[in-house]
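Order of writing sets the labels: A, B and C. Residues in every chain begin at 1.
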Amino acid sequence: MNLMPSRSDLKVEAAPAAKPAIPMIEIDHVSQVFQTSSRQDHLALSDISLTIDAGAFVSILGPSGCGKSTLLYIVGGFVNPTQGTARMKGSPITGPGPDRGPVFQEFALFPWKTVLGNIMYGPRQQGVKAAEAESQGRALIEMVGLKGFEHFYPKELSGGMKQRVALARTLAYHPAVLLMDEPFGALDAHTRTRLQNDLLNIWERDRKTVLFVTHSVEEAVFLSDKVVMMSRSPGRIKQIIDIDLPRPRRRTELLLDPRYQKYVVDIERMFDDAGDDGLQP
Amino acid sequence: MTLRALIARLAPLLACLGLLAVWQIAALALNNDSFPTALESIRAIPAILDDKEALINILASLRRMAIGFGTAVLVSIPLGLLMGRSRGVASFFNPLLMVIYPVPKAALMPIIMLWLGIGDLSKTLVIFLGVSLPVIYHSFEGAKAVEEKMLWSGAAMGLSAVERLTRIVLPAALPEILTGCRTGLVLALITMVTSEMIARQSGAGNILFNALDMGQYDTVFAMIIIIGAMGICLDAAFERMRQRLVRWSEPQFDIPLSFS
Amino acid sequence: MNGRGVTTDLLLGLIPITLLLAIWQGTVSFGLAPPTLLPPPGHVFMRMAEQLVTASFDQEILATLFRLFAGFLIAVVLGIAIGLAAAVNPTINAAVRPMVRVLAPLPKVALYPALLLLLGFGHESKITLVAADALFPILLSTYYGASTVEQKLIWSAMAAGTPPSEILFKVILPSAAPSILTGCRIGLVISCIVVFLAEMITSTDGLGHVLITAARTFQAVDMFVPLITISLLGLILNGLLQAARAYLLRGFPEV
């Protein structure tokens, strides 16, 4: 196992597939200050620098309030950093766009559209013709396992199903980077593990770059190539850990794998030692 | 306080002044005898307030409004609460209320006048009816929304059905009830004015139309300002009281959802 | 909710209405009230049936409906436009909020004499009054709905490639639809009430005028007819709006 020392800028290397010159995502000395209602300044993120290569599955792991979601939103272009810049393929990120697709914990599905309507939204927005968008949409619906639910409204779906739709909706406009903000946090444990498996299966197909925010150590180790550990507020990067486990990963095998268990235990210990409570297995 | 905060606090006042300014300019521009300027109308106000007759009329209006509003609230809140918690009671009254709802209560004036004469009673009754409906409705909605589990906790603590209604449902539904009361207050004022415009005998509405008939246009507009001021003051006072009473609740949307 | 529950509800609901009718009939039959003041229900409904097929009465209904719709539609267009604008633009918001706070609690019916002076005794003054009264609930509900749109919905749409100029119509407006339609419902009820009252205060035609004319000639039966007519109209229009609402909001969870 590879434990990299804690330094300001750390390079997170890609999975063996690609070795591009320009990294997919660069986060360059980013800090974020928020004004709370009591007129006080809250330092959410402190001098974060991080590089992510194409095709890497990277988890951002930390306790509640450490700013990990904020970091994701900055990469997504939804929030502008108070200091520093975020770049994608060398160009600064100035706003949201279809190259960085979000999947939120609250699903954020359009309630006035059906499952198919939600999924077709992105392609239609990009000018894809209706018939083409529909057939693409149907294929995606089948891929996420929701065949038959095309004309259902989000309110008629369970949490797990909604998240599948959210994922399909984002995949529909082919983003190069997937930004996932604790996507399985609102689901029960059983659904969560199923969706984790499904996510990996889908990801294996085209190996998009994924930034995955979570507070679950097990989830981070199971899914990722790299785990970026963040400290409590103000958020800083504590450590970055390479997860050297073979793919494809099967949960039932992995749970009994001593290497997996060691990763989990070591990471938990690191958080415990730092007194960063609030972390769940 | 920063300039920005100051402007924010004074904003309603600024809005009033702005509207009066627009009125003034429009009136001067139109130069119509029947459209006096804001200043002319404001100058006519002291004349009204000095006139004993007019003052009695206005106070009578307010008194009728108070009685109508008060009795309506006393009757409607319990009824609404009961409807909210008992499906039977709700099903019993709902259709009846839905039928009465779109009937303009002030429109009942002529009929009620036929039965009860043109005095205070008919006007007060109409105000009572006008206020009851929104208060019942909001009490109903507020009571309905009370979490079942809160009541179970109460029952486990040994509270009887009536006690649960008064000590749990009522306070829990209070924010919604007060919203209904605020709507009712606005309605009371409107019903009062309208009923007086229809059953001309006494009151602020009566003064308005008398002035209209006699061509005293600046009095007409002055009365409008007075009635408008009454509405704003009553609403502001009620809102202040409401905020005190339900400080604990989630921040309510502060602009009033007012009714005609 | 099972079928039997609905039927019991319906039956239970009919009781007070039937009771009311029974009391009404009883009061007349037992001579508790003279028929000149309180005509029996039968007479009233018969008279109403008569009137409904009379051309002149239908003209009155049309006059009332015209003013009602015109005023309501103006209120809808203005209310939604201003409400949306105030929700998305801070400057407009700063200008609109204090004005609404001042104007909303004002009994706009008090402005009616002013409107009569400025616009005459015909349709215009009434339509303006209806619009002025129906405007605020619609504006407020639109503003409320538009300003409480879930941020993540907007972000999802932006990430999918929606330019900021389209967010208003593609995300905010549909998202605010439940609130807007609730406001429209309130506005519609208010429109029914106000148009009738305005016609009662001064008018030469319309249902309100019919009632006043009947009052002046002490025709009790003829007084009930327009009242019941406007109630029925209100119920029908409300029902239509609810149906439209159910269709438009079919995707939304029960609000």
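Just a few scattered comments:
Heads up, the rule we're going with is that a residue touches a chain if its C-beta (ideal position, glycine included) is under 8 Å from a C-beta of that chain, and two chains touch if they have at least 3 such contacts.
No experiment lies behind these values; they were computed from the predicted model shown.
Set against the C-alpha centre of chain A, every other chain centre is closer than that of B. Distance from per-chain Cα centroids to the pooled protein Cα centroid is smallest for C. The interface holding more C-beta pairs in contact, when A-C is weighed against B-C, is B-C.
Centre-to-centre, using mean CA coordinates, chain A is 53 Å away from chain B. Rounded to whole angstrom, the centroid-to-centroid distance between chain A and chain C, based on C-alpha atoms, equals 49 Å. Distance between chain centres (mean CA atoms), chain B to chain C: 18 Å.
Only residues 11-12, 14-16, 18-19, 32, 34-35, 87-88, 91-96, 98-104, 106-111, 113-115, 186, 189-190, 193-194, 197-198, 205, 208-209, 211-212, 217, 220-221, 223-224, 227-228, 231-232, 234-236, 253, 255-260 of chain B touch chain C when the two sit together in their complex. Of all residues in chain C, those touching chain A in their complex are 150, 152-153, 155-162, 171, 174-175, 177, 249-253. Those residues of chain A whose C-beta lies close enough to touch chain C in the complex are 73, 76-78, 95-98, 100-102, 104, 106, 108, 110-114, 121-122, 125-126, 153-155, 169-170, 173, 175. Residue ranges of chain C in contact with chain B, taken from their complex: 8-9, 12-17, 20, 33, 37-38, 94, 97-114, 116-118, 133-134, 136-137, 140-141, 143-144, 186, 189-190, 192-194, 196-197, 200-201, 208, 211-212, 214-215, 218, 220, 223-224, 227, 230-231, 233-235, 238.
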